[in-house]
Structure formats: C-alpha cells, structure tokens
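The following pair of complexes shares a single chain, subunit A, combined with subunit B in the former and subunit C in the latter.
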Partner chain A sequence: MSILEKLQTIDRRIVYLLLFLSVGLALIPRKPLPVIPSNQARSAFEAIENAPTDKLVIIGADWSASTRGENGAQTIAILHHLMKRRLPFAIMGFDPQGPELVAAEAEKLAKRYNYQYGTDWINWGFRPPGTINATLKAMVRGFQEGMKQDSKNIPLSDHVRLPMMARFKDINDVGVLVVVTPSQTFESWVAFVQGIKGTPLVFCPTAVMAPEAYQYLDSGQMVGMLTGLKGALEYEGLVKEPGRATAQGLALSVSHILIILLIVVGNLGYLAQKRRQKSQQGVG
Partner chain B sequence: MLDFISANAGAIQMWVAVACTLGIYSILYKENKIYRFFEHAFIGLAMGWTIRTAWVDVLYPNFYQRIFHEGRWWWILALPLGLMLYLIYSRKYNWMARISIGFLLGLSAGQTFQSFAGLYYKQIVTTFKPIVPQAAEGSMKAVTLSGAINNLIFLAIIICVMTYFFFSFEVKSKVVQKTANTGRWVLMIAFGAIFGSTIMARMALFISRMDFLIKQFGGTFVPWLK
Partner chain C sequence: MLRNMVDEIAAWFARSFPPQKGLTLWLILMGLIVAYVVIFFGLQLLKPRARKSLIAVVTFLAGLFYALEFFLPTELIDGKETNALTRFLVPMSEFAQIVAVLALGLGIYSLTMIHGKTLLRFRTGWFYSLTFFTFMILMATFGIMVEEPFSREAQINRDIRSILFVGGLQALEGTMFSIIAFYIVSAAYRAFRVRNAEASLLMAAAFIVMLGQVYAGQFLTNWLPTEGALSNLRIETMSDWLLTRINAPAVRAVGFGLGVGLLATALRIWLSLERGSYFDREV
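Then we have the complex of A and B:
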C-alpha cells in the first residue's frame, strides 16, 4: 500500500487533533473576517428594522443548551436589535430549557438598554411540546387565554406588575415572530400562527435544519432566516454588534477548509488505489 | 464551606464547565468511564430540569392552582380520561382505553389537516411561476429575464424530481427515464447541500466549546487570549 493509499485510512484521532489545533489557533486572532450578509439575513434584519414599535415581537425559544453554539449567538444578535429599536418582546418556548436560556441573555442585555421586565419584555415560559398546536391556537385568539401567566406565575391579567400586557391582547398586536429552534416546531408556528394573519416570521434554525426551510422563504411564509452560526455572524454585522459569532467566524471558515482538504486527501487515496488495482489487473 | 462556595461561585462554575467539556470530548480518544460519568450527569440534569419546569410552568399553574386554589374542581375530570389509557394492558377493559385513544386521534387528525393546509397550500400556489418575462400588470409583479430563467429552472427541477417518484408503473420511455435520472441527480445534490450544512452545524457547536475553553477559561490565566 502506497503513502497515497494510506491517506484513506487516517486514524480518526489524528483528524480530531488537526481539527482541535486548527480551530484553536483560528480563535486567537482578534481581527474578524469581512462578511457579506446573505439575502435571507438581510430580509430578517429588515423585518425587525421595519417592525412598528407599538407592536409586540414574540420569540419562540425552542432550543436547549446542546445547540447553544448556534441558537445562542442568533438569539443574542436578535435581542440586541430588538432592544436597540425599543421593541417590546415576549419569550415563550416548547423546550424546557429554551425560555430560561433566552431570558438569562435578555436580563444581561436589559441593564445596558434599560429594559424593564413586565414593561418592555416578558417571559411567558415553557409549555409542553405535545400541546404546541393547541397552545399556539389558543395564544393567537388571546394571550391571556392562551398563556394565562408568565414564568414567575404572575397572571397576565395583572397589569400592575405586567403593564405591557394591557397593550397587547392577541395576534393582531404582534409585529414580528422570531422562531429560534433546531427542531420541527417551526412548522407549527407557520401553520397556526404566521398563516392566520400573515405576521412576518423570522426563522433562526441550526445549519442542519436550514435547507428544509428554503421553500418557506420562497412562498413568503418566512420573511428571513439566519442559518446557524453563519447567520448569527451576518446578523451581528448588520446590527453592528460584533459578538460571539463574529469572534468565531474565522474558526468556522478554517474548519470548513480542513474538512474540504480531508475530503480531497481521501479521494486522492481512493484514486491511487483504483489506479494500482487497474495496473495489477493489466499485468495479470 | 458555603461561604467559600458563594464567594467563588463564578470560578467553581467555570472549572465544572471545563471538566464537563473535556470529560465529554474524551470519547474522541476512546470509550472511557469519565465520558460515561459526564454523559449520565448531563442526561440526569436535563431530566431533572424538565421535571422541575413541567411542574413549575405547567402542572402547578394550570392544574394544581386551578383545581385547589381557584375551585375549578371539574378540571379533575380530565384525570380519569388520561388514566383510561393505561387500561390498554387489561384484556377485559381495554375497550375503555379506546375511548381516550379515539378522542386523541380525532383531535390529532383535525389538527394535522389544518397544519397541512397551513404549511403547504401556499407553497403549492407559489409553485406556479411565470416563465416568460413580463411587465408589472395589476397585482402581477414584473418578471425580468433572469427571474424568468430562474423560474424555468425551478419548473424543470420540479418536473424531474416528481418524475423520479413515479414508482407505481414500469417506465419504458427513454425520455421519462432520462428525466427521472436527472431528478435523482438533483436530489443527490440537495442531499449533499444538507450534509454540508450538517457539518457546518457540528463545527459551530465544537467551536463554541473551544471558544469557551480558550477565550473564557484560558483568558482568565493568559489575558491576551481573551
């Protein structure tokens, strides 16, 4: 077996080590790569940029700590934009960890932008995923009927502690829907919320989920999309708030180059093996 | 002891997070007990958090509080319907389980139909795209030459892919065979794009942990790493 043929069977631990080193080194430089935002990221930005300030933005936080690397960065970039524009927002989710993770990020940023809980933003909390369709349908008819209380068990009818809920009653008061999820829950949001009044929906999936969503962009059921970490990186550039994704952009590109190189190397080995087998057959 | 923990909560949290990250990544070298320990700890924590959230956000406010504090005792009638599902294990009384199952099936079927309509009707309508350039007229938008070419490619791909999925009869026509073969190629390219996106997603998650290890953790000892 020649050296070229051996390239097909590189020990996986060597591949992991190469990845570890290349990503580790690429994280150290501070200068970010220039980024050209994609059309779908720009459309997502415009949807929030043009949202009326007297309407509510609902953030569907259906992600957990396992996809924080992508969904966390997207959420922070979106939160920056919402708070810069002083758009009121409500967080809810069908993953037990999602609303709490988003609320934790919102609390951090709230200090900087002087956002008050109950007045400018609210956390409606977690609802069981098995009830997603029924909950969303009820929510569309009326927030009080559909959600009843926030994550701190304050009734939405308590307008002293939650004054913002006196202004927002149902889907007619919603300006934009932002769905951040690595799962299929976005389909319920499209079918049972977006489709009712044609409310603009911005989708923030993990990169795995993104290819399945393009037809929704084409049909206008979604107005914009942030594709995984790349989408977050583009959005940070548009909002002019370089953060986690911007710092990781170079490492993402380096990891892609490494994977492409490994594919090329593996195929070179395959071609060498094929050539050797052919020449052996010729001799035989 | 408690004072020490509360005074150093941030540092302890970071060291635990580093141990968890390295423990989970130790599987990349080989199967080991440290990995198994952290894997089980993670599953246990996630399950514990789920149970806590189910009680705090769902069961307590929506059932316990409603029934015992607000006096809506009739909400308890949902309980026998739920318990009846367990009678599926009884030969004598499993007919009772079917009542609850029938109720759930009816509900799900109705919602699925509504969901299908909400998801796909608009997509079917937007599949009909103009393939000839035209000026704006009434509610119709203008179609440029490049837009018309795009729409033509879109239409050709739809026809090719749908032809590939004609499985119910034997295809003898060469034209249909070639069209179906093109559809197969297009599908393979789409699967390749999906796989590429999957790699990007996995890399992003890995980079996020590396960022934590190098910048947040390493940066506490070597400031220029931050």
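Then we have the complex of A and C:
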C-alpha cells in the first residue's frame, strides 16, 4: 500500500486530535469574521423588527442543554432583539429544560434592558410533550384558559402580579411566534398556532434540522429561519450584539474546512487504490 | 340543534359539579383517587376481549371529538370561530395533560421495578441502578422543594437543585452531544467515497452546502459581484439554490408520502384496526 493509499485509513484518534486542536485553537482569537446574512436570517430579523410593540411574542422553547451550542446562541440573539425593541414576550415549551433555560437567559438580559417579570415578559413554563397538539389548540383560543398559570404557579388571571396578561388574551394578540427547537415540534406550531391567523413564525432549528423546514419558508408558513449556529451568528450581526455565536464563528468555519479536507484526502487515497488495482488487473 | 344539546349538557354538568374549595375539594380529590384505583384494578378483572373493546370505544370517542370539532361548521362568536364542541377544547387539553402525567408515573414505576430488581439482587450493572435511584430521588426532592416561598432553606434547595440541574444534567447532556462531533467527522471521512456518479453528485452538493454555511467558504467567491448573472456562482447563492430549489421540493414530496401514510395509520389506530409490535394480533 502506497503512502497515498494510506490516506484513506488515517487512525480515528488522529482525526479526533485534529478536530480538537483545530476547533480549540480557532476559539482563541476573538476577532469576529465578516458576516453575509442569509435571506432567511434577514427575513427573520425583519419579522421581529416590524412586529407591533403592542402585541405579544411567543417563544416556543422546545430544546435542552444537548443543543445549547446552537439553540442557546439563537435564543440569546433573538432575546436581544426583542428587548431592544421593547416587545413583550412569553416563554413556553414542551421540553422540561427549554423554558427554564430560556428564562435564565432572559433574566440575565432583563437587568440590562430593564425588563420586569410579569410586566414585560413571562414564563408560562413546561407542558408535557405528548399533549402538544391539544395544548396549543387550547392556548390559541385563550391564554388564561389554555395555560392557566405561569412557571411560578401564579394564575394568569392574577393581573396584579402579571399585569401584561390583562393586555394579551389569545392568538389575536400575538405579533410573532419564535419556535426554537431541534425536534419536529415546529410542525405542531405551524399547524395549530401559525395556521389559525397566519401569525408570522420565525423558526430556529439546529443546522441538521433546517433542510426539513425550507418547504415551509417556500409556502410562507414561516417568515424566517436561523440555521443553527450560523443563523445565530448572522442574527447577532443583524442586531449588532456580537456574542457566543460570533466568538465561535471561526471554529465553525475551521471544523467545516477540516471535514472537507479529510473527505478529499480520504478520496485521494481511494482513487489511488482504485488506479493501482486497475493497473494490476491490466498486468494480470 | 347539536349546539343546544351540548349547551344543555354542559349547563347540567356546571350545575351538578360546581367548583369546590377547601376540605370539600380535598375530599373529592381523595374520592377520585380511590375511584381511579378501583377502576384500574376493576379493568384488570375484565376478560381481555372486553378490555380491548373498551379501549377501542374510548380511543374512538377521543378521536371523534377532535375530528368533529375540526369539521363541524363554525360561527363567529366574540371574534372566534366557534362550534358546539369548541368550548371543550380546554378541558380536553387539561385531560390530555393529566393522562400524560399518569404515563409519567407509569414510566417511573417501570424504571423502579427494573432497576430495583437489579439493585436488590446485585446483578451486573447494579451500580448504574444505584446511580439512577440516587439522582431520581435527589432531583425529585429538590425540584419539588424549590417551589417553597423564599427563605434560607428554600435558597439552599435552589442551590442544590442548580448544582444538580445546571452543573449535572445540563453539563452531561452538553458533553454527550459534543462528543458526537468527533464521530461525525470520523464517519464523514470514512464513508464519503466517490464510488459512482451518484456519490460524486452527493459529495459535490454536500461541499457546496457546507461551504455556504461558513464564512471560510463564502470567502472563496467573495470576489464575485453580489448582483447580476455572475452572482449566481457565489457559494452562498449556490448553497441557497440547492436548499430551496432542490432540497425543499424533495422534502415536500417525501412529506406528502408520509402524510398519506400517517393519515392511513391514524385511521387504523382510531378505529383500533392496527396490528403490529404495539398492538395485539386480535381485537
């Protein structure tokens, strides 16, 4: 076996080390890369930029710590935009960790933007995932009836502690839907929430889930999309709030280039082997 | 006519079962739990055929509600599309959540039985069962206690829960998912080979989409104009074209097929005709 042929059997530990070193080193420089926002990210930005300030934004937080790298960065970028525009928002989710993770980020940013819980934002909390369709169907007809209470067990009818709930009653009072999820729950949001009044829906999936959602962008059922970490990076650029995604942009680029290089190298070895086998057959 | 009938039934229920508070509420709740246990064990006494028939009827009625609610004509009341069954959407949602919580209890029961046996008999992997019990009890205890009003004890509960949830669960989940990256790179390196024309086409598309996702890729064609015919050769434009013009129709076509299949499966489950792994051979 020639050296060229050996390129297709590089030890997996060397591959792991290459990835570890390339991503690790790429995380050190803090200088942000120039960003060319995609049409999907631009549309998502415009949907929130043009949302009326007297309408509620609902954030469907159906993600957990496992996809925090992508969904966390997307959520923070969106929260910056919502709070900059002083848009009131409600968090809910069908993953036990989702609403809590988003609420933790919202609490951190609330101090900077002077957002008050119950007045400017609220956490409706977690609902069992098996009931997503039934819960969403009930929620769109009336928040108080459908959701009953927030994550702190305060009834939504308690307008003293949750004054914002006096202003927002049902789906007619929603300006934008933001669904952050690495799972298929977005289909329920499209069918049972967006479809009722045609409320603009911004989708934030992990990069691996994004290809499944392009058809909804095409049909207009989604107005914009942030594709994984790249989407978060673009959105941070659009809202001018460089954060986690911007810091990881170079690492994302380097890891993609490494994968492409490894595939090319592996194929060089494969083609060399194929050529040798052909020539051997010719001699034989 | 249907609306009047449903309204009358709803009014009768409202009159007969007014909202309760205090001791009465607790007594009713206790009574319901006892009734639930009696019904649960009562169902076990039924013959399998009768039990299956009962399940079939309940499944059909549950499905029928949502089908009728969707298809029955509506009228605009208080700015909302409403028909005779719409008012029951919220109670049905609450009912579904209660059933889901019962399923959670069933899951805990099942895990406790499996891991309990392993632990008590010191079978292989008993250590994992011990870990399971330890963290299930800890998370449940501090998760429930954290709801208490603010006090020094509540703060300690919150801190412990934070250590378990943020420091433990979230860190573990994040780590597990990060490790996948190493396997993906290794798998892509080993599996992607230009064995034939289809594989070559797939690889070319994958390279364009991957490069279109990152700045390093976009940098390669940054010298091309952003408008005009030549802009179509920019890597992000080609990537976008592949995703919106090739990928989207393909996903939509698969979605149509899946939709038809799902409709057929839903009908079979609704009418209790389904057979297979999760269903008995006979109804």
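Things worth noting here:
In this section, the second predicted complex is superposed on the first by the 284 of 284 C-alpha atoms of A that agree within 3 Å, B and C clash if a C-alpha of one lies under 4 Å from a C-alpha of the other, contacts with A are read in each partner's own complex, and residues count from 1 in each chain.
Methods note: contacts are C-beta pairs under 8 Å (C-beta built on N, C-alpha and C of every residue); 3 or more make two chains touch, one makes a residue touch a chain.
All values reported here derive from a predicted model rather than from experimental measurement.
Taken together through their common subunit A, the two structures put subunit B and subunit C in a clash.
After overlaying the two complexes on the shared chain, residue contacts for A:135 are found with subunit C alone; subunit B is out of touch. Applying the stated contact rule after C-alpha superposition, one finds that A:97 touches each of subunit B and subunit C. Looking at the shared chain after the overlay, A:10 reaches subunit C, while subunit B stays out of its contact range.
In the superposition on chain A, A:215 makes contact with both subunit B and subunit C.
In the superposed pair of complexes, A:67 makes contact with subunit B and with subunit C alike. Legend: residue contacts after superposition of the two complexes on their common chain; A:163 is shown touching neither subunit B nor subunit C. Residue contacts after overlaying the shared chain place A:35 against subunit C, while subunit B stays out of touching range.
Once the two complexes are overlaid on the shared chain, A:149 sits against subunit B while remaining clear of subunit C. After superposing the two complexes on chain A, the stretch of subunit C that clashes with subunit B is 44-52, out of 44-52, 80-88 or 152-160. For the contact definition in use here, the residues of subunit A common to its subunit B contact set and its subunit C contact set are 12, 16, 19-20, 64-69, 97, 100, 127-128, 134, 153, 207, 210-212, 215, 218, 227-228, 230, 252, 255-256, 259. The residues of subunit C lying in touch with subunit A in their complex are 79-80, 86, 89-90, 92-94, 96-97, 100-101, 103-104, 147, 165, 169-171, 173-174, 176-178, 181-182, 184-186, 188-190, 192-194, 203, 207, 210-211, 213-218, 236, 240, 243-244, 247-249, 251-252, 255.
Of all the residues in subunit A, the ones that touch subunit B in their complex are 12-13, 16, 19-20, 23-24, 27-28, 64-70, 72-73, 96-97, 100, 125-128, 133-134, 148-149, 151, 153, 187-188, 190-192, 195, 206-208, 210-212, 215-216, 218-221, 227-230, 244, 247-248, 251-252, 255-256, 259.
Subunit A contributes residues 8, 10, 12, 15-16, 19-20, 33-36, 38-39, 64-69, 97, 100-101, 127-128, 130-131, 134-135, 137-139, 141-142, 145-146, 153, 170, 172, 207, 210-212, 214-215, 217-218, 227-228, 230, 249, 252-260, 262-263, 265-267, 270-271 to its touches with subunit C in the complex.
Contacts from subunit B toward subunit A in the complex involve residues 28-29, 46, 49-50, 53-54, 56-58, 60-62, 111, 114-119, 122-123, 125-126, 190, 193-194, 197-201, 203-211, 214-215, 225.
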